[in-house]
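Next up: some structures, all given as structure tokens.
Consider the two complexes below, in which chain A is the common component and chain B and chain C are the respective partners.
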Partner chain A sequence: MEINKAKVNKKKSIFKKISEVLLTMASKPSGFIGLSILVFHILLAFLSPFLAPYDFKAIDPSLMLQAPSSEYWFGTDSLGRDVFTRTIMGGRTALTITFFGSLIALLWGGLLGIFCGLVGGKIDDVVMRVVDAFLSIPWILAMLLIVSLLGTSTQVLIPALGFFYGKGIVRVARAATHDVIAKDFIVSARARGHSNLSIIWNEIIPNVRDAILVEGAMRWSWMLLGFSSLSFLGFGVSPPTPDWGLMISNARGLMSFAYWAVIAPIVGLSSLIIGINLTADAFAKALGIDRSTKAPV
Partner chain B sequence: MFFLIIKRILLGLITLFIVSLITFVGTEVLPGDACTTYLEREAYGAALEACYKRLGLDIPAHERYLSWAYNVIQGDFGYSLSGQMPINEVLGPRVKNSMVLASAAIIIGIPLALILGIITALWRDKLPDITISTVTIFAMTIPEFISATLLILVVAIWLEWLPGIVIVPTDVTVKELLPNIILPVIAIAMIMTAHMARMVRSSVIQVMASDYVQMAILKGVPYWKMVFKHVLPNALLPAINVVALTIAWLLGGVVVTEVVFNYPGLGRLVIESISNRDLPTVQALAIILASIYVSINLIADLLTLMLNPRLKTLQIRK
Partner chain C sequence: MSEIIQKVKNLSVGFKSQKGHEISILKNITTNIKKGETVGIVGESGSGKSTLALAMMGYVKQGLFKMGGECIFNSFNLLNMNNRELEKIRGRKIAMIPQNAGQALTPNLKIGYQIDEALKLHTNFNKNEREKKISELLNKVRLPSPETIALRYPHELSGGQQQRVAVGMALAGNPDLLLLDEPTTGLDVTTQAHVLELLNFIAKDTGTSMVYVSHDLGAIAQVSDRIIVMYSGEIVLEGPARDILKRPIHPYTYGLLNSIPKLSLAGLPGSMPGSQPQPGTKKEGCSFYDRCNLAEEKCKKNSPDLEYINELKTSVRCFNYKKLLKDKSKKQLSTSRNEKNIKINEILNLTDVSISYAKQKLLDQILNKITDTNPTVKDINIDINKGETIALVGESGSGKSTILKSIAGLLRTKEGNIKFNQDRILSNDLKKRNSSDLRAIQLIFQNPDESLNPNHTVEEILAQPLKLYFGLSGEKLKNNIIDLLEKVRLGKFYMTRYPRQLSGGEKQRVAVARAFAAKPDIILCDEVTSALDVSVQAAVLNLLQKLKEDFGTTYIFVSHDLAVVRAISDRVAVLYQGRLCEIGPSKNVYKFPSHPYTEVLLGAVLEPDPDIKPKLVAEDIVEDKPPEKGCCFQGRCPRILGDKCKNETPPWQIGDNGNAIRCHINIKELENIQNGN
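After this line comes the complex of A and B, so read on.
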């Protein structure tokens, strides 16, 4: 009976599995809200260039700091640019960079963690010490240093973010591997004479995949937070690219009389981060992983 | 027990050593050195020579690292390029200001987090839990610069209750800081409290579901006596470590918050020294912030060891 069940499970196509997980996530209100927000933002990122009513970089001094009206739904900013246009386009760069950044983080963090968990011994000790050291440098200092020395182009930001947010995944992947490694099927795979690589690919990865994916989803929201903070501090996206962090920092000085230019990007960024967080939580619950006691490292 | 403590301290020191190597090698490997980066276009001739000499860049890298590390151990971080004075003098007032900010946030945050966490756990899935948990999710997911900006907009600009931007010289007394500091403290305490309250909640829930609590309920121990005597001591111990990690993680958020409020602390110094490309100061800050992280974790470890009688007899953990 048990064996039959396992076989049936294995035959399930990957798409069916994904749709099952998505359905479980959407069946709870928080998961449904999170998924809807995320889907909305992703659609917006793709469609906003066609939806935008104005040019995002069109500067017009005569339209400076206009209050929201039927013509300019969210008003205009200090350079006379349409805030609505810039707000709906403001997530594109952040979403793209952090998405690919988290993929890189997932890959190198996951693989190194599995490797360390599997080989153990001296190599494991040394790697974990280095990871601990990297963890104890505040993210903002390291990111600022990298960005200020190498520049803020996409080619720098994606690997830098990916590297920096992957170190936490190393720990999670390593711990998950430790849980699996003592199980009988690994021992029998070794007895059958499988190589380390084959064991990693066929036995370990399928078993630790869920834990790593959940961690990666969580990293995505932190990475977005970190990236927007960089933009806010003036070290991220360079103007005139519309970006929420940058928009907030530019409009902040004038918010005593032009609050709309601050509120719109704030709503955009907060809703996206909350959406990703709720989705990641629902994702973890749907896969049966408890992360409620985890500290954000 | 004694060896365990020694081991923890040693591990912390090793971590700090690696951090110093990383920051040193990092600034060494990246293009340009401290002088060319700082002087930018004026990096030639006499100015460059003078800068090299001042920082000792004319001697080999490993020797420079050793002498730098030797000085750091003795508490001398070198010379600040942008401040044109010893880094120690730059750091002094900044450290004090940040300490005031952080300790005020911790003094407010920890008790509040405990209370909120316990309330949400004991009234799990009821109205108090749902409302508090929703608020904490918002408070912990929204970036620091957004919650700080919103606080300024609502409290300082619309309600005009408190000053929104801190305009004080760096070497200000604690007393003068007082009305200025309220909003930054709220901004930091809010996020910290939200993170910790969530962890206390799940920890308490876990203990409430354990066998010995069920046993106590069956034996007829009064509810509040059970909560205070059996649940809380066991629930709060594991929370100490997680709380330490959270505080350490929030160091990054403190940097952003200080910038938003223009608060003259370590965080703003981080941004200023990076904007000015003042690499010696950046190195010093990396070591200081990493030491704060390591020592907070160390304190948490030792606290857990001291408070948990079960660990006293244990020789090796981990």
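After this line comes the complex of A and C, so read on.
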């Protein structure tokens, strides 16, 4: 009974903490804008199948490259598909894949980083070297290789992206852990005789969690860009699934006279990236984490 | 009347809070600095003393802004000048010496080069003149063999030497005004005394005006002609140094002086309740109202003005200063400590303990052997009685914390053993100690910011030992936590606070409560008050003493501050370079005969009294390794006998007072020389 009660209290406080952080984020204009964009995109991703006025894959040669009109708000593309329909649905795959990709990046990057920070010494050196070596290969080449070997299914893309974007998180988690384990409260816990696991869980994780989460949020926006580049190159989502990267790539050649087919997905993609970026920044500020000194990738 | 070189007029500095309110941290400061005088600015952390000193060189820290007033240096209105104009003044006419000289010097440039750069910037000397000036400056700050020092990198110098170089660099431009922000804080006692002496010499020699900012009245007392006492962004008392120290007529200063432990006085210093209000929290009335024992009804609503008393040449901000004026008798509020006779009932025995930080060779690692002929800590034999407070004193690097860590099991001993309760040898390996041994020994650390997990509430922090050792949960756990908080005089409502929502003193109380939660037999206190302000330090010391009397806990108290040690300990052990020099009942260790090292330490203590000057009997050399053979103190000993001290380990001698001294000089003889016969 007692334990249950304690748990309920704890949950409530986590919920409270989240809402507090969200409120702090939204209290600054940039955070508010970022959050609104992100929420808009997430809602869109969920609701777009119900909102879409047309079938996203209905090809109609007679409607090829129509300019925007009251019927086709954003015009039609080279296969006569409705650009508006495809645009509002074009973020779904990217958002889903990169979201889960980021989770994987967070998980392996965070855990490995914490592990390296904890053990230090030779093991840490070796692991970091290996990670560095693996990831010094240009990621896009490596991705192309993986995709061409294993295909472009979600089961391949999510872990592959997660793997390549976890490196930065390893570094951040490792550095944060290094900082924390030198602190006296860890010494104090050790001297009391707490087990290693309890020290990791109670003393270390709460103190590195914020930094890792912020890094993860940042990585999300970069991963989105990366994934869209893959789609653009034809290695991401396979047609006819609507996807901004793919749409931009397809419509790019016709840009000079059918600008509408390319502008809408560009706006969609860049607004989402900006939204996530602003949100991550506000998130970092709300948690009091200084990212200014770290360079991207 | 000598000429005024710096005029601060109605200066207010503040910042904008998140909600957009303007909050002042300096309120209407008016003061003058005269040519050739040294002014000490003293106050607790956060009282605004650094902000004031920085404003005197036309600098307002990022995030702060000038709300009003001005700082006029000679004829320059500093706070209205742009950076370009200020550059011509800073370094040339006004120089600043920061707290941590090590950080102010560029690590990868040689000392000589750095001084040369400063000279290039601030003077018009040619190369030859500059070279001459460099060795002149290094000579002036009394660094041995300037030529070799000039070729060294900052990290090849000790903290005291770095601070001397910083002073030398500041003097490069021949400034009219030298600003020093805590220039000796963080240095060892002996080094500190030497740097202060140097500053005094330079003030006399060059006639430079100095503004000396410090929280340490002892240091201020040694250098200042005039003292400004700051509290919560205001000047509360300003006047000639001697008067301020001998007859403080502001209740805050009075209490502050009382809360400083003194060598001449056994027993705990009197403490002031509470702590300084945070900027922006105090709306009306006297800012010292909450802590003042002379406070009256009117102090609550009205804030007193700074009033100049002509016959004393002193300004004071208090309605009731006259009460302190009349009070001619110098009362000492010091509460005497129960010096009970401790029953000889040993609880912890350190026998021949040696500890080494040296890296083990692979073979030794496999054989689990530590080979190091010259370990960091060597041959420590101390028997500790139940219920006593034994202090370990010594300068940085003397191995105090190292010994504590091995008692706690955090560090392996190389040789010797540690026996608990006369029957159990404590394992070298923390993991092998059983839960009751772990519980019996608890630690309190120097810096409560680092020793409390910033992500845990006070409740969670205190719950940890209670859950771990006693398996408490639910209502029982909560009641226990409340109980503990009350013991350290914090209310129940502190439970939900995070460490960042507590003041330094409150944090340290939580750390104390956490240690007592385990119901320990022994508490290891590692410099537990050195990160605290003096008035808060006194309160924490009093609390520790009270708890100890209630629970019969044994304290092993590590400190570099001999006055604090005097106040709290029953017995003192003096360490140099990890070797024991002297051990005995504390009242006797503070009396001659003393080990020559104890004598040096005692001589360097800075008392907040202009009449007690430190006695500098030894050079402030820093040794990084103990000597291989002979006496550990041979490198710095002012009384060294020659080859005997260099080759033979000195014997233990026990004096009539009961203190044991490890020295080749006969103890009677030692007493005679030290007493000046």
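By definition in this document, the second predicted complex is superposed on the first by the 284 of 297 C-alpha atoms of A that agree within 3 Å, B and C clash if a C-alpha of one lies under 4 Å from a C-alpha of the other, contacts with A are read in each partner's own complex, and residues count from 1 in each chain.
We adopt the following convention: contacts are C-beta pairs under 8 Å (C-beta built on N, C-alpha and C of every residue); 3 or more make two chains touch, one makes a residue touch a chain.
It should be emphasised that the depicted structure is a prediction, and the values quoted were computed from it without experimental measurement.
By the touch criterion defined above, A:289 reaches neither chain B nor chain C.
Counted by residues of chain A touched, the larger count belongs to B, out of chain B and chain C.
With both structures placed on the common chain, the touch criterion links A:42 to neither chain B nor chain C.
Legend: residue contacts after superposition of the two complexes on their common chain; A:184 is shown touching chain C, with no touch to chain B.
Once chain A of one complex is fitted onto chain A of the other, the partner contacts of A:256 are limited to chain B, with no touch recorded for chain C.
With both structures placed on the common chain, the touch criterion links A:192 to chain C but leaves chain B unconnected.
In the superposed model, A:206 lies in contact with chain C only, and not with chain B. Residues of chain A that touch chain B in their complex: 129-130, 132-141, 144-145, 148-150, 221, 225-226, 228-229, 232-233, 235, 245, 248-249, 252, 255-256, 259, 262, 266, 269-270, 273-274, 277-278, 292-297.
Chain contact summary for the complex, chain B toward chain A: residues 14-16, 18-19, 22-23, 26-27, 30-32, 37, 137-138, 141-146, 149-150, 152-153, 157, 195, 198-199, 201-203, 206, 238, 241-242, 245-246, 248-249, 251-252, 255-256, 259-260, 270-271, 274-275, 277, 282, 285-286, 289-290, 293-294.
On the chain A side of its complex with chain C, the touching residues are 2-3, 5-6, 183-185, 187-194, 202-203, 206-207. Note for the complex: chain C touches chain A at residues 408-410, 430, 433, 435, 438-439, 441-443, 445-447, 450-456, 464-465, 468, 473-475, 514, 518.
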